[in-house]
Amino acid sequence: MDEHIYIYIIIIPYYAIFVNGKICKDPKVVTADDFFKSSLNVAGNTSNNIGSAVTVVNVFNLPELNTLDISLVRIDYAPYGVNPPHMHPRGAEILVVLEGTLYVGFVLSNSGPNMKNKLFTKILHPRDVFVFPIGLIHFQFNVEKTKAVAFAGLSSQNPGVITITNAVFGSDPPINDDVLAKTFQVDKKVVDYLQSQFWWDNN
Amino acid sequence: MDEHIYIYIIIIPYYAIFVNGKICKDPKVVTADDFFKSSLNVAGNTSNNIGSAVTVVNVFNLPELNTLDISLVRIDYAPYGVNPPHMHPRGAEILVVLEGTLYVGFVLSNSGPNMKNKLFTKILHPRDVFVFPIGLIHFQFNVEKTKAVAFAGLSSQNPGVITITNAVFGSDPPINDDVLAKTFQVDKKVVDYLQSQFWWDNN
Amino acid sequence: MDEHIYIYIIIIPYYAIFVNGKICKDPKVVTADDFFKSSLNVAGNTSNNIGSAVTVVNVFNLPELNTLDISLVRIDYAPYGVNPPHMHPRGAEILVVLEGTLYVGFVLSNSGPNMKNKLFTKILHPRDVFVFPIGLIHFQFNVEKTKAVAFAGLSSQNPGVITITNAVFGSDPPINDDVLAKTFQVDKKVVDYLQSQFWWDNN
Amino acid sequence: MDEHIYIYIIIIPYYAIFVNGKICKDPKVVTADDFFKSSLNVAGNTSNNIGSAVTVVNVFNLPELNTLDISLVRIDYAPYGVNPPHMHPRGAEILVVLEGTLYVGFVLSNSGPNMKNKLFTKILHPRDVFVFPIGLIHFQFNVEKTKAVAFAGLSSQNPGVITITNAVFGSDPPINDDVLAKTFQVDKKVVDYLQSQFWWDNN
Amino acid sequence: MDEHIYIYIIIIPYYAIFVNGKICKDPKVVTADDFFKSSLNVAGNTSNNIGSAVTVVNVFNLPELNTLDISLVRIDYAPYGVNPPHMHPRGAEILVVLEGTLYVGFVLSNSGPNMKNKLFTKILHPRDVFVFPIGLIHFQFNVEKTKAVAFAGLSSQNPGVITITNAVFGSDPPINDDVLAKTFQVDKKVVDYLQSQFWWDNN
Amino acid sequence: MDEHIYIYIIIIPYYAIFVNGKICKDPKVVTADDFFKSSLNVAGNTSNNIGSAVTVVNVFNLPELNTLDISLVRIDYAPYGVNPPHMHPRGAEILVVLEGTLYVGFVLSNSGPNMKNKLFTKILHPRDVFVFPIGLIHFQFNVEKTKAVAFAGLSSQNPGVITITNAVFGSDPPINDDVLAKTFQVDKKVVDYLQSQFWWDNN
């Protein structure tokens, strides 16, 4: 029998620790700036074909969020811009509108009796709060000809985002069009057309 | 200020307990049958427009799965049938093919650098095993002109299922077509056409 | 004050469910309003001796937050108002300033080498973001002669709040003054004086 | 036995990540094969004194199961073979019979009133499903003179297995026989005899 | 069979809640006594055939431990008494000896390379501390002719206990002796003899 | 500023793993001593201005507690000594008195109606047990002129401790005295006096 011994040589600084797959800073050199982020004072660029931009503060750009189960986003909407149907596999979202008027909604799963794919929607005005449960497909739409701004907390340091169009029609490589034609009950040409589009990622 | 006092009158049997929102059986009357299910010995009916059927054993039909974080499904596929793109918000899935040949795949989220919406696919033969990570959009497609059968374990007593077409185009009531037209970058007529289709629920 | 008490007697059928100690609504009668709250569009009343007011949206006033591990607060500060040292036993906090200038800080625990009771502070301006780790004592102080407003997400549907002064000197009944005199290394008269004060609860 | 030792020296760059004590692959080099396993298409070797073999797909041989809380096993049984009393400290199990007839059972703990050490048993036929709760001692026994095959999902990427005989009589070094004689209320010679046996590990 | 069904009608006030399957007391009537237990000041009765007694303070007799993930036990040992091989499916244990000398040990699982069923043992004197990992089979044995006493904390409000002999040979009804004869590689008469013994439950 | 960077090169064998930010020992070289600690057989030194000493067995000095969610402390009290108001952000505590008479108590949070800052206290005698819920401020006070000893289990391998006086008045650097003067409703001189005291850390 053969035995494999793997020896890893890792250069690690004093006190460096791995928690949740991340190298933690030596606590002695941590400063208040490690808990601070100023990026949300600038509006995101909404000059794209969906008219929205999401600016995120999560564990990737504010590492001290590690283990804290929380992150924050700012969402900017152009007039009639949409934050298109998407879901966060690891986070519920609580959104507060700062500016403008939003039509928001989410769809239940197709489990459970009597409630399959039920849609809930609401028109929100400034300082209104709305909750999107974890893992459900949801969206926001700016119904006015002026820009809108919202902030939202998410219940994960890394909630993830799956934008439906981008995952289904914009995957790399593309999903076999036989699968999508049968799924969407359309001709393969329609699938091919959609797969040839550019799917903007607003995150 | 008004004060509301709610008084609940609940008729509960001796020892009845609520755990995870479910009434547990009095342990003294539990029998081995409470841990048993024979429904997976019958093929699901795949005579539908997507050509697949999912038979589930989860906490809704086998209540003793409560708190056990596991469930099991049998999936039957007609020739060229598809289990269309869907995701389970609360469960990873490990699938084993019993009969036939399946083209399977899943798509990553659009978080994280360099890997946005990356598609992973594989052709599976009998007794091959494949893993679908929690919360990601995935599918299986029977690539042969004979039927196929798979079994899968899921890491939740109630993993949930969100079928993309059903949630996006088959919600009740329908999502505002302005939102979907802007999202899919198509004319509202295309959205209206898709929303008028019947979206079969294979679960 | 005129007080009306409404008494409801509710017979709950066998399938009524308790999750996390809360009675869930029958999903069939849930509406979008159950996910909606408009209370954050009104400033809290900061006319109190500490000059701050916290308006919370948590599972107690928005029950559909149940199981979602998130809540939101609006904090209003009078000029030179303080949100006094406090901690949330069940929630980390991510705060964004909307208006004004805040001096914020938190103190580490006295566990671990070299970092005992280390204080981290920062001056925050509008749209700046700061994170307060779970379970640590923290505060915000309005350093200007104009009012300030902040919003914060917390990583719990019910994060709890322990305000140090209120718990230590304002408990009901009071803590034995021998204990506090020895703890604070002061004369019992000082303890008695502090225990006789009114400790405003800004939550 | 000829033993070859291969020594690999691996320099891990700063972004290499450890999650749950495992080194994650750089996501850029992950392929669909990392989610795939074909080992379950071969029957395990049941030519041993208990007449059973368990073939596992868990995080040790399919590393992408890391964090997914699920694994799968195939169990082969010789005629009258037994998968002897054992428990999984970290996993519930949902088993489906593919071939043959099994007598299965599990025993409750000795906590709780009126139910101490209660045994639940059932005869299972092909496609029957049975659940073994987490942490309880359970077994399967092939009651026919033909072979049997089952598949089972477990609610952990690494459920662990403690086979009672192997742990109690086959530990390394042996447990002091005074302890076991008093425990089993038998003569030390009986303990010594049992400790001298070879306890086959069918995993 | 005569069956009595007791139906209780319970008027539950506003606050009454079910958490973890338990009815919580109205917080307004909770007193310090709900957090207090005096039962550990009396030695357990060790006049039984294994010579040990475990007195537990857990959520069943101190309900305010609900959700607190901790419990405490006192273990009394007669001279040469044994707390026989057992495991706690939901709790690690940290034990401190108050009186006497104990030989303690635990056995690893048979998962993982090179460490299968490895036994760890230690002789403990007063005020020595030893840790038993969650889910592993462990025991304590009083090696002196004088009594011994230990206290232990467990990492669950309801850690559970599975005593190996009681579950395997003392189950109700007995496990089929074909299964146990094959398992223990002994004659069925030996199994029948063991199943006919009285297995004392020291908990 | 002079900056020293220490770079360590560590050769990690095959099995070395990082779990929870700690390097786990190679299981092949683990011995029973890794689960053993004798430090609790010596009384802590209570010759300090609060008259108490806490000796801890946690993951920092007994690394095999990693992932086990439990730790143990011994608390020694001089006559009239106090274990001053403090809280454990990550652990509930179950305490048993071995010697002496203690006045113990804890204070609820200021969330929830009707129960804000409610104090629960109790006089404890030897072998009495008391529970301190997670995250709440609590204390023990030796009410006799003889020494006292208690042991306590905590529901975390690293429960943490925040001593109120040390965090509020003894932080490094000190909290701005404007904040504390407004918080405690006292003159800044009082705050400055308290901040100039030496706050003993009894842990």
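A, B, C, D, E and F are the chain letters, set down in written order, and residue numbers restart from 1 in every chain.
Basically, a residue touches a chain if its C-beta (ideal position, glycine included) is under 8 Å from a C-beta of that chain, and two chains touch if they have at least 3 such contacts.
Predicted, not measured: the structure shown is a model, and the values here were computed from it.
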| item | value |
| --- | --- |
| Which listed pair, A-B, D-E or E-F, duplicates the contacts of A-C in over half of its pairs | E-F |
| Farthest chain relative to subunit C (centres taken as mean CA coordinates) | D |
| Chain centre separation (subunit A, subunit D; CA means) in Å | 39 |
| Chain centre separation (subunit C, subunit D; CA means) in Å | 48 |
| Separation of subunit C from subunit F, taking each centre as the mean of its C-alpha atoms, in whole Å | 24 |
| Multi-partner residues of subunit A (each touching 2 or more other chains) | 4-11, 18, 105, 112, 121, 134 |
| In the complex with subunit A, residue positions of subunit C that touch it | 27-28, 30-33, 35-42, 57, 62, 64-65, 68-72, 74, 91-94, 96, 98, 105-106, 112, 114-115, 120-122, 124-134, 151-155 |
| Subunit D to subunit E touching residues, read off their complex | 49-51, 60, 80, 82, 84-85, 87, 89-90, 103, 105, 107, 109-112, 116-119, 121, 134-137, 139, 141, 158, 160-168, 170-176, 178-180, 182-186, 194, 197, 201, 203 |
